[in-house]
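Order of writing sets the labels: A, B, C and D. Residues in every chain begin at 1.
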Amino acid sequence: MDIGIKAIGGYEEVGKNMTAVRAGNQAVIFDMGLNLDRVQIHEETQVEKMHSLDLIDIGAIPDDTVMNEFDGEITAIVCSHGHLDHVGAISKLAHRYDAPIIATPFTAEIIKKEIRSEQKFEVNNNVQTLEAGQKYLLSSDIELEFIRTQHSIPDCVLPVLHTPDGSILYGLDFKLDNSPVLGEETDLERLKELGKEKNVIAAIMDSTRVGEEGNTPSEKIARELVRETLHEAENEDVGVFVTTFSSHIARIKSLTEAAKEMGRRPILLGRSMERYTGTAEQMGIVELPDNTGIFGHPRSREEILKKVKKEGKENYLLIVTGHQGEPGATLTRMANKTLPIEIEKGDQVVFSANVIPNPLTRANRYSLETKLKMQGARLFKNVHVSGHGARQDHYDLIKMIQPQNIIPAHGDLDLNSDYADLAKSMGYSFGKDVHILRNGQELLIED
Amino acid sequence: MDIGIKAIGGYEEVGKNMTAVRAGNQAVIFDMGLNLDRVQIHEETQVEKMHSLDLIDIGAIPDDTVMNEFDGEITAIVCSHGHLDHVGAISKLAHRYDAPIIATPFTAEIIKKEIRSEQKFEVNNNVQTLEAGQKYLLSSDIELEFIRTQHSIPDCVLPVLHTPDGSILYGLDFKLDNSPVLGEETDLERLKELGKEKNVIAAIMDSTRVGEEGNTPSEKIARELVRETLHEAENEDVGVFVTTFSSHIARIKSLTEAAKEMGRRPILLGRSMERYTGTAEQMGIVELPDNTGIFGHPRSREEILKKVKKEGKENYLLIVTGHQGEPGATLTRMANKTLPIEIEKGDQVVFSANVIPNPLTRANRYSLETKLKMQGARLFKNVHVSGHGARQDHYDLIKMIQPQNIIPAHGDLDLNSDYADLAKSMGYSFGKDVHILRNGQELLIED
Amino acid sequence: MDIGIKAIGGYEEVGKNMTAVRAGNQAVIFDMGLNLDRVQIHEETQVEKMHSLDLIDIGAIPDDTVMNEFDGEITAIVCSHGHLDHVGAISKLAHRYDAPIIATPFTAEIIKKEIRSEQKFEVNNNVQTLEAGQKYLLSSDIELEFIRTQHSIPDCVLPVLHTPDGSILYGLDFKLDNSPVLGEETDLERLKELGKEKNVIAAIMDSTRVGEEGNTPSEKIARELVRETLHEAENEDVGVFVTTFSSHIARIKSLTEAAKEMGRRPILLGRSMERYTGTAEQMGIVELPDNTGIFGHPRSREEILKKVKKEGKENYLLIVTGHQGEPGATLTRMANKTLPIEIEKGDQVVFSANVIPNPLTRANRYSLETKLKMQGARLFKNVHVSGHGARQDHYDLIKMIQPQNIIPAHGDLDLNSDYADLAKSMGYSFGKDVHILRNGQELLIED
Amino acid sequence: MDIGIKAIGGYEEVGKNMTAVRAGNQAVIFDMGLNLDRVQIHEETQVEKMHSLDLIDIGAIPDDTVMNEFDGEITAIVCSHGHLDHVGAISKLAHRYDAPIIATPFTAEIIKKEIRSEQKFEVNNNVQTLEAGQKYLLSSDIELEFIRTQHSIPDCVLPVLHTPDGSILYGLDFKLDNSPVLGEETDLERLKELGKEKNVIAAIMDSTRVGEEGNTPSEKIARELVRETLHEAENEDVGVFVTTFSSHIARIKSLTEAAKEMGRRPILLGRSMERYTGTAEQMGIVELPDNTGIFGHPRSREEILKKVKKEGKENYLLIVTGHQGEPGATLTRMANKTLPIEIEKGDQVVFSANVIPNPLTRANRYSLETKLKMQGARLFKNVHVSGHGARQDHYDLIKMIQPQNIIPAHGDLDLNSDYADLAKSMGYSFGKDVHILRNGQELLIED
């Protein structure tokens, strides 16, 4: 049974991930993601209302027209986790395939919400859930397995496709975290088992941070950094504002707990805060302190802020959207003085996030930070730990699963080259068993 | 009583710190440090044998000839801690002053060793100890106090000079660490007390990292990072080498404890490892695991390495000198294959240190790292947390002690300007109560 | 007669320059500039309609409320050249002073246009012209002299204030160009004469590029670079678009001449292109090739582009606004496909400008460049030479005029510190005869 | 006839270039270069005395043991130009092949000198010369052609191998300079002719600067920059020292001519200055001003410097080795004060070279520059233009010759990826007709 690995998106950029894997004449699509950078550049863009071909044209979603020359029959669309660069194009592309969408429960919930807010296409694919640690028979021959992992959103998995001739592991995105703050550790036992069978034909791997030496520290370190930042400061009587990724529920958990320790009430502000945290709470994925307030709607945000102002900022920890300086986000609005609360001299503003390395984001952050400083805020930046494994985490994973072929993804040639470099140090050879693909190319692995 | 603050060294560079403070006609010198960069540039230099005037000429030690125009009588040379950029010129300059050297016990021990290894000058100044938390009457009017702090070497203090008209705090180097690994926290109570008295005339402050936003994380974070790096890796059967600062006893403690948890015997290698760790152990400052081996002498290093090789590297954690790629250090020699142990494919080499941002150091590190990689080592870099406070730590300290004047030191104009910027945000004015001095200049604070 | 030098704007930023110089009780203001960065950050800002106090509040114009504590009577507002960071606040601040505005003819013309487009204030100050090389008696005691210099806009001068006790030179902005493309060289003879008289009390100097080692190359080099870029390329049959500073008439001259050599018709597009080039042509400052077309109005731009498209881009050289990716500029509109011409595969787009080092500008340029590349354009960037003197140009100027005091301006502390560093290497001392001021501070030079 | 292209060196680094091209069973080797970086890292290395296998081991020369699995019979070793990264391994590797060395006259002369100074191996290969613009029949089937080009050393060519099925162009190193200072322009006519025949099977291309946007400026620009730097400065009465690449005869020509214009006598100092310039003069390649002095031997250098000192530095322009701060070079010795001339306050030191981006070089330059500044020198850095074509030069060349396949070389994966990116914009596809090879791999192009 020959294996085909078709690079559709994410092989020339960080973002818009999409790969098809074919075993004989049956195939599976992994992820359908968005490239936010390209959406940002074209400011006029309203993604919900746009046609997929136009979005393909500006590079915002994977160009899956290359699937015309792809032989296999698509039996499933499998999503690894709920970030937009992995599921954000589902509502634009999935309806073109007569196949169910398979994802873990939390990811499935996010996908359903995406589909509901779509305004151009009707997406009727069945959304099925598969729990981490479970398997699912796609056909008599082909089985899908979800191996539990950690990243920076709940309920992440490494999907594995088992074929009669061996397995293919879809290795984006993951983190080998020995002491996660939410959920269980990556299932190393199962990964090592796979390796021992010496039967992994190919691993498609996340190149994003393979260029960073060493390991990525645990989310536990992020929790400690957050705690220190909030506790050490001379901040008894000032406002404390923290901004982080809305979908990073583990981080939000740490923040609300830190609030509790400080004797402050945690308040989450912003639509996407409500969406992700609300979903996680309803699904029982996280439990936040009882007095946590979540205010997504602009009107309720307005009201709680008036209350905060009246009762004194020093009694609250405000957890807000806007870590990248996004124009409409809560922190940005605060800096623009269009919300009923003032940033005052001495107030702490904590960015529990990195700056996404993109000139547009840098500009937004620069505007935001300049305004905050002009209002007297004290900034604490990069109080954060990444959710992507670094070079040595990849070393560990590759050593565990012993794949016969490695295909770096989720990056441009530079990042994929970094992966080839790591693989070379482990005995692989570029062009022989490490394959760099460009969007649209297919790798054939003969029997 | 007028106050004079004379900048002697460290006001145009990071390094060779030296400041004289005069109250009326009595004065104290704080620190006498070395500028290692300038020693490195002049390769032929053998510091122990050189005359102070030649060392002044190449910029390696403070130019204290400017003291000729200084009015006060020197009653003491006070050292804040035992790093070379604070005590390394003692053996070249102290004998010119008829005054005792005053330092905490650990610092005093280091100073004595410096003096003993000096080959050019005979330094007969009395070396007196003063414990952190204690005071000492220098004259009927002037009292010296040592306030306990944390940094990256044991037994650090912030010296304060109390005069009839108010106090002067010498604020280099310090870290506001709430959960230190060794020793007690910075004495915030005492600092706040000073502030409440509204009597701090001037604070001479360490600019080194004031340009970094936020706080410096606790040494506890470094301990966690070290642990994770050592535990997470797929390293059961490989050699593990860690290099760090020899004088950073807290870090060495964390490393040896991690070794214990891993079931490996910790071995410390290198002359300076022996010097600092030995001193700390003898003085009861640190207790390392019982099976810790310390081998400073080249011959004993040779022997233990033969034993390690014979019994298997996988049973040991080797803690070695060479974090900056210094030519003669243990790790450098290993990379050069001149020691009886091989770095092999898959071995872990952990740099529990930053790279000192200096082209010579970068070159040494580059050579070292390239050789290590050619031998197959896996590198883990910057597994480290700084010992210098960052911008918000300074904010906290300044807010506590409320000094009437601020004098940034330990940096060039750029870093000192960053301090002025912080001070401005707190209500100080450059040229009015924030004073940027250059080496040789004196600030007069009138009654 | 004591001299006072009051820093009003440009001492904590590059931009919004404004300095007052007082000799006895008579004073002159040099420049009233805008800080474009702060206008950009506050996107909603419509400068023409805003009140000066609001513009001061957001940091867009100098805070001249500090003039309340300034003793001298303002006898003139003197502008060195026509860039917005030197004249852009005239229409907001000049009416507060009962004094004429004095500038060279070209600069005066620009100022008049600024005043005419102002919508908030009525500015009735008399705008007087003084030619480069001329002097003007401000009072019985005080004389103003304009010394010719080069920069990157026509008709620049270094203003000098002659008082009974000596002179003060206002040294921003200048370039020591031995082979300028437009206008005559800086009047070195006169500068050396000033130096020989040993009578320059103070020089206020442009720090912008003093941190760059060496000299700034001549505009002749820029002309050669432009020529090479346009001639060398395989570009016979493609579109060629060049974007540069609208006020950089010398560069525009070189571009139009290169067009002529290539057998292409030069077309200038964009409102500000028309404003500056038109003014320069009318005043006889520059003569462009006969067939040069200038189209500033959107409608005429539309028409000529239709013609260009019809007759073939390969017959034209399009010189357009948009070098910083400004949202409304011609090149940006072309990239957005809202103008009747396409950028096609192989077309040359030449940026004859640097990128202004500001995150907002970088973001704009990134968006612009990404879109251009997606359309197949070949980019030629930084085909440019600066108009500001570098470190050694300042060395030369200081050596010529031998000022008794140096006051760096047009930069933050970092840049001003670089100037202090240069001055130190020439025998000056920081705090003694090199003075770093912050906005609002006044330096007194006693008799 | 199938074509094989074997990557031997320079496909994972900038340096140690070596490629074998096979047509049927006949083959040619292009270049045998050195990797200076690896020689520098291993400080103890004395290249002349080392065995090739040891040099291969440290990565200093290409690992040609991979030629064991190469089928073709080597009929010639062809060198493109005389730089060490192209000819520096000839004396270590050529004797293993029973084939003549073919090069242009100047390159041949350099190769002969390399062979003479070799101390380990006896190299008896015949060194044949072929002029630029000439062809040479290697066998009944295969012809070698040398197409004239420019770079940064005299007498450079782009070698082309003509086979019955088409040609292979070896495109390293080159510059498309329309107005060279020495020698004639690149033979664009011949290149275009090749392209028109649509018969170029493959082009092996220099990736070094393909990541730089735009064109590389002409050497004429470098001449103007040199002139300006030397003329503009206030330097009538000071010493002027210029350092540049010894083999860059065009630059040295410009420098000596500038000396003449300044009324100063040009003096060239340093062994390699003598070697390269002497060779070029003897071969009639360059004519320097009559009063030019060349002093290579340490003793003669000593004597002329005494004379210069006695008669006054202001009468001379000293052109010296040491642009990268090399330990033994003339400028380095001057800075170390071990030569009979002083660098004094105000002296000009001009680096007519870039800094090679390598940490060891940066460290050497840092040491050198710091010492020069401590002695009061004024530095003029990077008065230079590169000899490698940039992105758009490659665009032009590729457009001219229209190769069916492109193989980027002379760089690591990052640089080679940049080439793939350019090629993609021109319609090529990575993996189809753009091939990235690693050292040791062979590309087969079937009939």
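The working rule: contacts are C-beta pairs under 8 Å (C-beta built on N, C-alpha and C of every residue); 3 or more make two chains touch, one makes a residue touch a chain.
All of these numbers come straight from a predicted model, not from anything done at the bench.
To find the repeat of B-D among B-C, C-D or A-C, check which pair has over half of the same contact pairs by residue number; it is A-C.
Of the two chain pairs examined here, A-B and A-D, the one linked by more C-beta pairs in contact is A-B.
Rounded to a whole number, the gap between the C-alpha centres of subunit A and subunit D is 47 angstrom. Chain geometry summary: the mean Cα position of subunit A and that of subunit C are 46 Å apart. Distance between subunit A and subunit B, defined via averaged C-alpha coordinates, is recorded as 41 Å. Shared contact sites, meaning residues of subunit A that touch two or more other chains, are absent.
Of all residues in subunit B, those touching subunit D in their complex are 41, 58-59, 358-360, 362-367, 370-371, 374. Of all residues in subunit A, only 176, 178, 213-215, 217-218, 220-221, 224-225, 228-229, 231-234, 373, 376, 378-383, 392-393, 395-396, 399-400, 425 touch subunit B in the complex they form. Residues 412-414, 417, 420-421, 424, 429-431, 436-438, 441 of subunit A touch subunit D in their complex.
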